[in-house]
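In the two complexes below, chain A is the common chain; its partner is chain B in one and chain C in the other.
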Partner chain A sequence: MRKLLVVFAVLLAFTVFAEEVIKIGAIFPLTGPAAATGVKIKYAVEVAQEIINGEHPEIELLLGKSAGLPNLNGAKIQFVFADHQANPELAMAEAERLIRNEGVVALIGCYHSSATKPASQVAEKYGIPFIAGSSSSAALTERGLQWFFRIAPHDGMETVFFFEYLKYLNQKYNANVKKVAVVYIDNEYGVHAAQMVKEKIKDYQADGFSIVADVKYPAGATNVDIEVQKIKGAKPDAIFHASYIGDMTMFVKKYKEFNVVPKVVLSYCGGYQDPQFVINLGKDADYFAGPNATTSALFKKMAILAKINEMYKAKSGVDIDGPTLEDFASAIVIAEAINLAGSTDPQKVLNVLKTGTFMAPYFVSGRIKFGPDGQNIYSASVMTQILDGIYEAVWPEQYQTKEPVPQFPDWNKR
Partner chain B sequence: MNEIMKNRMLYLIFAIILILPFVLQDVNFQHITIMFLIFAGLGEGWNIITGFTGQTSFGHAAFFGIGAYTSTIMFYKFGISPWIGMILGALFAAGISAVVSYPCFRLKGHYFAIATLAVAEIIKQLFVSWDYVEGATGISIPVKPDSFWMMQFHKSKIPYFLIAYVLFIVATLVAVAVEKNKMGYYLKAIRESHEAAEALGINTTRYKLYAMMISSAVTAVFGTLYAQYILYIDPFMVFGLDISMKIVLLTVLGGLGSVYGPIIGAAILIPLSEYTRVFLGGTGKGIDLMIYGALIVIVACFEPRGVLGLFRRTKKRGAQYAKTTA
Partner chain C sequence: MMFLQVVLTGVLVGSVYSLVAVGLTLVWGLMDIINFAHGDMMMISMYTVFWLYTLLKFDPFVSLPISAGITALLGIVIYKLVIKRVVNAPGLMALLATFGLSLFIRNFAQFLWTPNYRFVGESILSGKRILIADIVIGLPQLIAALGSILMTLLIALFIKRTKTGKAIQATAQSRDIAELMGVNTEKVYAVTFALSGICVGVAGTLLSGIFPVYPEAGAMYGLLAFVIVALGGFGNIWGAFYAGILIGLTEALGGFYLGTQFKYALAFLIYLLVLQFRPKGLFGW
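Entry: the complex of A and B
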């Protein structure tokens, strides 16, 4: 009996002195076809949690210095992870469970745009903020949701970024890039990206840009000979690729075989951004380019990023990559918003998210601010190009780690 | 007497299911009961063509997707009530299944199974590249205020549960009706021996076709409910092999060729997959899927006739024991 009393007293003491814990739901593909990425993102969110809850004066973020949230008496943040297995149905079910059963005050996720869609609709229904880090489908912010925010640039913004980069190459290096080919996979990601090119090019026709080839290939294609011949026939100066790692690798091998030598190849966030691209192709991966939220070449220029990467690498064994950093940002931003609101009241947090500007020194853009549609208006991307097997930042100039090379050399002269 | 007893058992099951979400008012539990009803209903539909008739279909996701897309497109493009979409979806699915299955019924055994698998993949690819239905991008169903006519409920899950419940009962009673009818005996005759059935004068092609059409219409109805419940569909989600396999798995696990089979199978598989994911999914180690898989392997190894087979065997043993001790 006495033992029981002691246990009871200890438990009581714990509940009285325990600091308040604020739960935030984090729904990612922890198993299934994108499990490798999902687990990397989980590590990054755990790093964010460590930075927020621990004392990290060396990391100059709003919540780095103090332990917990200073405006809420040092309350700790706990990210509750859930797995959606790349299945929209599970994303929806998990969102509802986290809100109703776990009592989370906000949600982040879900990497796959198709999973983010139903999950954020649940958040909207319950009036809970949802921040998507890396889901890039433009459709997400076109739904008119009140409680939805997104950090990554969507494919429409990426397309504008591509044309601006080409303009820069034309002006500075006389690259004379005019003819564009669009090569894309036959799913939401690819089809939507291609639609964006067709839409945005209207604004750049005055600069002489035109589409000379529109090449769609089926998901799971095992041979792209016909597609590559079509591209070769159109003689494009630039190729815009919306491809995953497997098909991107296949295309590059065929470009070499058929001796397709464009001036520039730019890739939407996908296969090119996966470090596996360089491992798969070695020297043949050189000169390909694409936007990236970060690259290891930037660590030298950005001290905070290097420190975050150090913590991340200790967990994951690899350097932090673009999408992972964007989901890291979503975790930091939601914690900062709760802290600034001084409360977990959803309406107050929503007001902060809608009006505030968040410092994000780990991004080249340096800050995050959400527009009326919930889209981050500061695109956190640098143009990277693989030079000697390293993703170098080549544009905008102030973040340049190396100058861009606006011409592919002949394949046999690499 | 036995028949009445059997049906009594069924009514008892119906009654127990009905009180579940009211007893345990946990939102996750309610979600699980809805998914249980949807998949048990899908299993009942699939049982008609595979369990009763012996024609293994690995492509029922095709009809599930047709049901989901028909109602969604009608609602999304023209604002037509999903209830009308549900009926049209069922008719479409029955029509398409007839057109597709007719040539496939010339194939037997494994070849028919392969053909259904291929047909489902073809239909999926068609939807992926069909711009009118938004292709691979999928459709987010516009959110409307709570309404029975628009089949959308945001304040509570109970209305979804009740709709799923009624559809499940209808599907089960359809299966019972088919089984107990003259048609049920024809179908079982076809399952046992195609040639013998023909020799007895059964028009095997016609009855297989009927079975397929009923089965796919039942499947399509649940597709509509699923789309309205999740409020988002894309071809990979509703036409995916995952859906086809889940239907097969839970019916086989419960017991093929009996109306109780899909109910038992879904009652085991759906909560198992949901709860293991809820408790272990967040670890990111996939432990939930390992446990899920291991249990299926255990059942398959020790009782290939499903859990129902296990019941029957235990009952038989009990009866034998009673006889010997008497």
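Entry: the complex of A and C
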């Protein structure tokens, strides 16, 4: 009998003192065509996990100082990774598996808007929160979902940002940019971005903007020669790109070969923001531009960002880029929400996500707050332009690290 | 003028497709083995070129014999380790085995070299182009096409003229009878896989200056090669060549005039039509 009591006491002690581990599903493209990006995001989420679970007083975040979640007796967060291989069906299946088999209490992901869409519907069905970091298709927050939140600015916001930037170039530098070509990959992300351009340009027709080419290309294309010839034929002043790193790089090579010289090239959140873009193209990457949640040029101005980057770079070997930082933020925000709720009860976490404001000193906007549709209302990006191989913040002027170059020089004069 | 430019692009792109398909038609058409890892062998060649360039500053053209040699060797290894064991089994076995092999090669490449998209930055050809009136011909693309045509010619001559080539043809017609006539069919299979490896090795090298190097780089090329082989007629080298050009032209003209999003859809549509009306392919016998 005494033995039994001892065993019982030990078991009781374990249940009381065993550190609780809270599982959160993280679905990203870890293999397949976008694996390059997916693996980097995984590193960033791992950094977030380290910050949450370890003691990092040097990083002034809510969960940086303490080990684990203070409101849940120091419970640790574990991100359970799943791979969707850029395949929406797989994303959906993995979401289902993570919730049912792994018992995750929330989901983050999926980078590809096309994968985020079905995966977040699974979360909605089971009634657990889903936070998308970098998926930018505006359609995601237009579905009226209760449990879905998104940190990145969506492509509708990005499109407005593009036109405002072009207006700024026209006004300040007399750039005379009017004709726009839209070049996009044939998937959720690209097609929706293009739709946004067609919709938002109506508000800017008075400023003289018009669309002169609409070039949609298949995912996994072996070449983009024909696409570039179509663009060249249309002689655009500005090109809006919704492309991933592989295709974007092929486009730039062909722009050079066919001597396509627009005034401005702006890229939606995608290939341009990947630092590999500069590594692959060297000086040919100069003068391309796009919105970014961060840039290495900003590290000097933002100490916390620099520290996070230091941890990230130790794993990945490269500086943290915008989309990766947004997915990092999704990991931090969900952990903070669980901590503030003091429970993993989905409804309580949901209430915190819906009402709370989260400090995000690693973003130029400084904070995150979700609107009624789940969209982060503070999604402030900076316009960056690659100048001498560095992503410089060029607009809005208060964040400027360098002045923009409003006109592409000829390819042979670089 | 624009029309000429588009046609030229189609022919240049198609020529490289042809070479990849010629490699596949050798094993699929002649040996009746479906090799799903065909495109992945090309990816290995691209990585060979990339690493020789990055580590030793070898120009892709200097690397050509090395990368072709490596993929030839890879072809033999694949034959000895995988195909040989399933060659007498029902066709589905080889199909599944090579499918598994393809997944293995891709994921192993990702494990070893990360999934990053990389480029061979500078070669003696990079950035060079020929301008005729308004028509632009990128030199890397032109050399890739010419190299592919030359290579196809060499393979065709090898199959037609040499004793080994004739042994390949004999084995293709009837393995048993070829063996009765004293042909070492085991060796013939190995040589065919090596030749197939050389084709993708050369194609991968020629493409490494214009196409990103990443673990999935061979996927679309491999897929198109299947279409081209079926279109050109199984085992018909020149058939594969013409079909490759046809697919290149369809992609370019269809893409330009109908919309670039349809370029592969059109290529696959032609394939479906040919399967309906000429199941042996355009040039099949």
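In the analysis below, the second predicted complex is superposed on the first by the 377 of 414 C-alpha atoms of A that agree within 3 Å, B and C clash if a C-alpha of one lies under 4 Å from a C-alpha of the other, contacts with A are read in each partner's own complex, and residues count from 1 in each chain.
Definition applied: a contact is a pair of C-beta atoms (placed from the backbone, for glycine too) under 8 Å apart; a residue touches a chain by one contact, two chains touch by 3 or more.
It should be emphasised that the depicted structure is a prediction, and the values quoted were computed from it without experimental measurement.
Enquirer: Let me test your reading of the model: by the given contact rule, A:P118 touches which partner, first (chain B), second (chain C), both or neither?
Expert: Touch partner of A:P118: chain B, not chain C.
Enquirer: Answer with first, second, both or neither: which of chain B and chain C does A:K230 touch in the superposed model?
Expert: Second partner only, chain C.
Enquirer: Could you look at A:A139 and tell me whether it touches chain B, chain C, both or neither (first, second, both, neither)?
Expert: first
Enquirer: Touching A:T222, do we find chain B (first), chain C (second), both, or neither?
Expert: Once the two structures are laid over each other on A, A:T222 reaches chain C alone.
Enquirer: Does chain B (first) or chain C (second) touch A:M250, or do both, or does neither?
Expert: So A:M250 only meets chain C here.
Enquirer: Looking at the overlay, what does A:F81 touch: chain B (first), chain C (second), both, or neither?
Expert: In the superposed model, A:F81 contacts chain B only, not chain C.
Enquirer: So, A:A35: does it touch chain B (first), chain C (second), both, or neither?
Expert: both
Enquirer: Is A:V180 contacted by the first partner chain B, the second partner chain C, both or neither?
Expert: neither
Enquirer: Intersection of chain A residues contacting chain B with those contacting chain C?
Expert: Touching chain B in the first complex and chain C in the second, residues 31, 35, 38-39, 186, 218 of chain A appear in both lists.
Enquirer: Can you tell me which positions in chain A touch chain B when the two form their complex?
Expert: Contact set of chain A toward chain B: 30-31, 35, 38-39, 42, 80-83, 85, 87-90, 92-94, 96-97, 100-101, 114, 117-118, 121, 124-125, 137, 139, 143, 186-192, 218-219.
Enquirer: What residues on chain C touch chain A, complex-wise?
Expert: 2, 5-6, 9, 12-13, 17, 106-107, 110, 114-119, 121, 127, 129, 136, 138, 141, 210-212, 214-216, 219-221, 224, 251-252, 255-256, 259-261, 263-265
Enquirer: Applying the document's contact rule, which stretches of chain B touch chain A when the two form their complex?
Expert: 26-28, 31, 35, 125, 128-129, 135-138, 140, 143, 154, 226, 230-232, 234, 236-237, 242, 274, 277-278, 281-284, 286, 288-289
Enquirer: How about chain A: which of its residues touch chain C in the complex?
Expert: Checking each residue of chain A against chain C gives 31-33, 35-36, 38-39, 186, 215-218, 220-223, 225-227, 229-230, 233, 245-246, 249-250, 253, 256-259, 276, 279-282.
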